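Next up: some structures, all given as C-alpha cells.
Two complexes are shown next, each including chain A; its partner changes from chain B in the first to chain C in the second.
Presenting the complex of A and B:
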C-alpha cells in the first residue's frame, strides 16, 4: 500500500515539470499533502496513536488546506496565473525531471541499507531534485515558494522513512512546516505585491 | 545563573518590553539583559564541561563564540539605541524584543550538545533576524527580508536532511536524541556514502548562516539593508553560528574515512568564496555590501584554514575571534557614516576626514586591520594559513589565496581612501545634512581595534587556551 502511494507521489512530481499554470501547481501541492498523509498513516505502524493523529492532522491541515489556500491568495493578490515566459520550456523541464528520477534511483541503489527502503529513498531524492529544479529554473516568487514546498515534502518523506524509530524527527519536520507556512507564506508572501512579484532591486 | 534562568529571564524581558511600551524602561531592560548575558558567559566559563538541561554543554568552540557574543552585546545595544532615536515606540520595542530573541537563540545554539537542538535554535534565529532586517519597512527591506527568509529556509531544510542522513547512518539509534559524543562512538559502522551526503547537506545548508559559497548571496543582501548594529551581528556572531554547525559535524566525522573528502570540500568552498569576494569587491558601489563581501572573504579563509588542518585550525579560530571584533567595529562606524554623509553609495561619499575626523580614523584603522595588515592580529591568522599550505604541500592553494587577497586589499583600500580624503564623484544632497555625530560614539570601535592590535603582539594564555580547547575535539 505504501509503495503505491509513493509511486503516485512520484507521478505528481512529473506533473510539476509539464504544468504551466500556477493553479495546477497549487492543486498538485495539495494533492502531495494528501498523499503524504496516506504514506504517514500506512508507513508509521509503530508510532503511538496520539503522535500518528497529530502527524495526519498536520499534513491535512497545513499541507493540504492552509498552504494551498495561502498560495491561492498570493496568486490572487499578485495577479499572476501562468509561469513566467522566460522560464525554461516545459519540454526541457520534463527532460530534466526524468533525468533527476534516474539519478535518484542510481543514488538510492548505491546507498541501500536494510534500514530504509529503496523506493522511499528514490522518490524522496527525486522530490528534492524537483523542488530545487523549480527554484532554480523559474523566475516568479510564487514558483519559488512552490519549489520550497516540494523540497519540504521531500524532507517530510525522508523523515517518514525513519519515523517508526525516530518520531522526534517527524515532529521537527512539522516544526519546519509551520515555520515556513506561517512566516514565508502568511507574512512575507502576502506582502509581495504584483509589481514586486519579481524582486530585483537589490544587486551589485 | 543557570541556563534555565537565562532563558526564562530573556522571555520575561521580551514580554515586559511588549507590555510596558515605554522607551526608558526598554533601555533599562536592555542594559540589564546585556549584563545578564555577560554574567551567563562567565558562569559558563566557570562550569566548563558541565551539561545542563540534557541538551546543553559548556565546552569547546561554542564557549569561545558565546564569549565573543557577550563582548559584542553592550556595543550592539548601545548603537541600536542611538540608531532608533527617531523610531516610534512600537518599532523601537519590536527591534529590542527581536534583538533579545536573536541573542538568546544564538547563545542556545552555541552551547547545544546535540545536532537537532542546534538546528532548532539556528532555525529560530532566522525568525528574529527577519524581523530586524525588516525594521525600516521599505520595499528594499521587504525584498532583503524575503530573500533572507526564503534562502535560509531552503538552507535549513537541507541541513535538516543532513541530520536525517545522520539518522540513517546510525540505524535504529535515535540520532535526534544523541549527543555529539555518543554519535562519535557509533561512527565505525557508518557507510561513507551516507557520511559524505550528510556532510554535504550540512555544509550547503548551514552555509546560508555562515555566508559561505554557494549560499552567500542572501547575507550580502541582508547586510546592505539591515540596521548597522544588526549587520554587525549578522556578519560576526551569526556567521560564527553557521561555522560552528559545520565544524560540529566536521569534528564528528574527523576520525572517519571521509576526512580528506571534507577537507577538499571546505577548501573548494572557501576558495570559491574568496574568488567571489575579490570579484565583487572590485566592482562594489555600496559601502555596506563591500563590507559584506569582506565577511565572505574572511569566512572563505576560515573554511580553507579548516580544510588545511594542522595550524590552520588555530588560524581559523583566530579569524573567528578577531574578525568578529574588527567587522562589528566597522559596521558600528557605518551607522555614524550614514548619519554624517547621508549615503552608503561609494560614488556619493567623500571628504569624510573633514566632516567627521574621529569616524574617518576608525574607518581607516578598521580597514587596515580587516585587511590583515600588521599590526592586525588577523595577520598572524593569515600567516598561519599560508604557512600550512606550504607544509601540507598545497602551495598552489596558498598562491591562489594570496592572489585573491591582493585584489581584495586593492579594492577595499582604494574605495575607503576615496571616501576619507577625496571629493564625492557625484554631488549628492545628504538626507541628513547638518547632523553632527559625537566623536565619543567611536569608543567601542577603538576598544575593539586596540584588542585586535594587542592580540597581534601578545596572545594571553586565556585566549590561547580557549582556542586550543576548541581544536582539542579534533586532535585524536
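Presenting the complex of A and C:
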C-alpha cells in the first residue's frame, strides 16, 4: 500500500516540472499533502496512536487545506496565474527531473541501510531535487514558495521513512512545516495588497 | 483461436473511428454523421483514381502500402488475452516498435518526396514527436518485462496478471495512462494534433498526406484506424485477468475499446489542441511517468 502511494507521490513530482499554471502547482501541493497523510498512516505502524492521529491531522489540515488556501489567496490578490517567467523551457526542466530520479535512485542505492526502505529514500531525494530545481529554474517568488514547500514534503517523507525508529523526527519535521509555512505565507499574505502588482516584479 | 484476436482487432479498428465521431457529435449537440461514415468515405476513396504530382517519385507511390503492411505486421504480434498472438518470439516488443517506426519512416520520406515545404514541416514534426513518444513505450515494456521475466508480448501478458507480484496495480495504472497518452500521440489526436484542423501551419499528420489522393489516402486512413485498435488491444491485455473464459474476454474487450473511443471522443470535444511548442513537453511527460514506474520496479525487484 505504501509503495502505491509513494509512486503516486513521485508522479506528482513529474507534473511539477511540466505544469505552467500556479493553480496547478497549488493543487499538486494539496494532493501531495493528502498522499503524505496516507503514507504516514500506512507506513508508521509502530508509532503510538495519539502521535499518529496528530501527524495525520497535521498533514491534512496544514498541508492539504491551509497552505493551498493561502496560496490560492495570494494568487487571487496578486493576479499571478501563469508561471510566465521560467529561466529555461519546461522541456529541459522535465529532462532534468528525469535525470534527478536516476541520480536519486543511485544515491539511495549507495546509502542503502537496513533501516530505511530504498523506495522511500529514492522518492524523498527525488522530491528534494524537484523542489530545488523549481526554485532554481523559476524567477517568480510564488514559485519559490512552492519549491520550498516541495522540499519540506521531501523532509517529511524522509522523517516518515525513519519514523518507526525515531518518531521524534516527524514531530520536528512538522514543527518546521508550521514555522516556515506560517512565516512565509503570513508575510506575503499580509504584505501584498490587491492594488499593487509587486509580486509580479519580485524576484529574489 | 490465435486468428480470433487478430480478427477482433480488425473488427474494432472498423468501429472505433465511427464511434469517436458519434461521441464528438453527441457532445457538441449535433446530429452528426453515423457510425459508418468513415467507411463510406473510404469506399468513395477506393473508387477514385490517384493523382501523382510531377515532382514526386516511386517512394511517394509505395509508401502508403508499406505503412499499412508494417502496421498489419505489428498487429500480428499482439495476443488476445490467453489466446496467443499469430507471431511471437523473444523480444518481439522491440520488433513491434521498430516495424511501426519503419512504416512511419516511409510516410515521412514520402512527405519529403513531394517537395512541398508544408509537407516537409509536417514530416519534421512527426519525426520529432514520434522520437519523443517511443521511449515511453520502451520503458513501460522494459518494466513489464522485469515484472514478468518475459520479453515477448504473449509471455508478458500471460504472466502479468497471474505473477502474484504486489506491484502490478501500480504497473497497470501507469501502463494504461502511458498507453492511452501514447495512442493520442501516435494516432494524431487532440491534444497533440487535430485531425480536423484546416490550417497547414498547425497540422502534423494531416499536412503530410495533403498530396495523397484516392486509393493511397484510403490506405493511410485504414492505417490510422488500425493503430487506434492496436493501442486499445494493448490496454485490454494489460487489464484483463489471464484465466477468464472466452465470453468474458470478449465482453471486456468490447468494453475497453468502447471506453477508449469514448474517452478519446470526449477529450477531443472538451479539450483544446496544445500549442505546437508545448507538444514536446507533453510527450516527454508520458515518458517521465513510465520512467518512474521503471525505476521503482527496478528498486523493488532487487
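Rule of thumb we're sticking to: the second predicted complex is superposed on the first by the 186 of 204 C-alpha atoms of A that agree within 3 Å, B and C clash if a C-alpha of one lies under 4 Å from a C-alpha of the other, contacts with A are read in each partner's own complex, and residues count from 1 in each chain.
Quick note on the criterion: contacts are C-beta pairs under 8 Å (C-beta built on N, C-alpha and C of every residue); 3 or more make two chains touch, one makes a residue touch a chain.
Please read these numbers as outputs of a predicted model, since none were measured by experiment.
When the two complexes are overlaid on chain A, chain B and chain C sit side by side with no clash. In the superposition on chain A, A:18 makes contact with chain C only, while chain B stays out of contact range. When the two structures are aligned on the shared chain, A:173 is found in touch with chain B, with no touch to chain C.
In the superposed model, A:158 lies in contact with chain B only, and not with chain C.
When the two complexes are overlaid, the chain among chain B and chain C that reaches more residues of chain A is B. In the superposition on chain A, A:99 contacts neither chain B nor chain C. Once the two complexes are laid over each other on the shared chain, residue contacts for A:4 go to chain C alone; chain B is not touched. In the superposed model, A:135 lies in contact with chain B only, and not with chain C.
Here's the short version: in the overlay, chain B gets within 19 Å of chain C at its closest Cα pair. Every residue of chain A that touches chain B in the complex is listed here, in rising order: 110-111, 113, 115-116, 128, 135, 141, 144-145, 148, 151-152, 154-155, 158-159, 162, 165-166, 168-169, 172-173, 175-176, 179-180, 183-184, 188, 191-192, 196, 199, 201-202, 204. Across the complex, chain A is touched by residues 116, 119-120, 123, 127, 130, 139-140, 142-147, 149-150, 153-154, 156-158, 160-161, 163-164, 167-168, 171-172, 174-177, 191, 193-194, 197, 221, 224-225, 280, 283-286, 289 of chain B.
Across the complex, chain A meets chain C through its residues 3-4, 6-7, 10-11, 14-15, 17-18, 89-91, 94-95, 97-98, 101-102, 105, 108-109, 118-119, 122.
Of all residues in chain C, those touching chain A in their complex are 166-167, 169-170, 174, 280-282, 284-285, 287-289, 291-293, 295-296, 298-300, 302.
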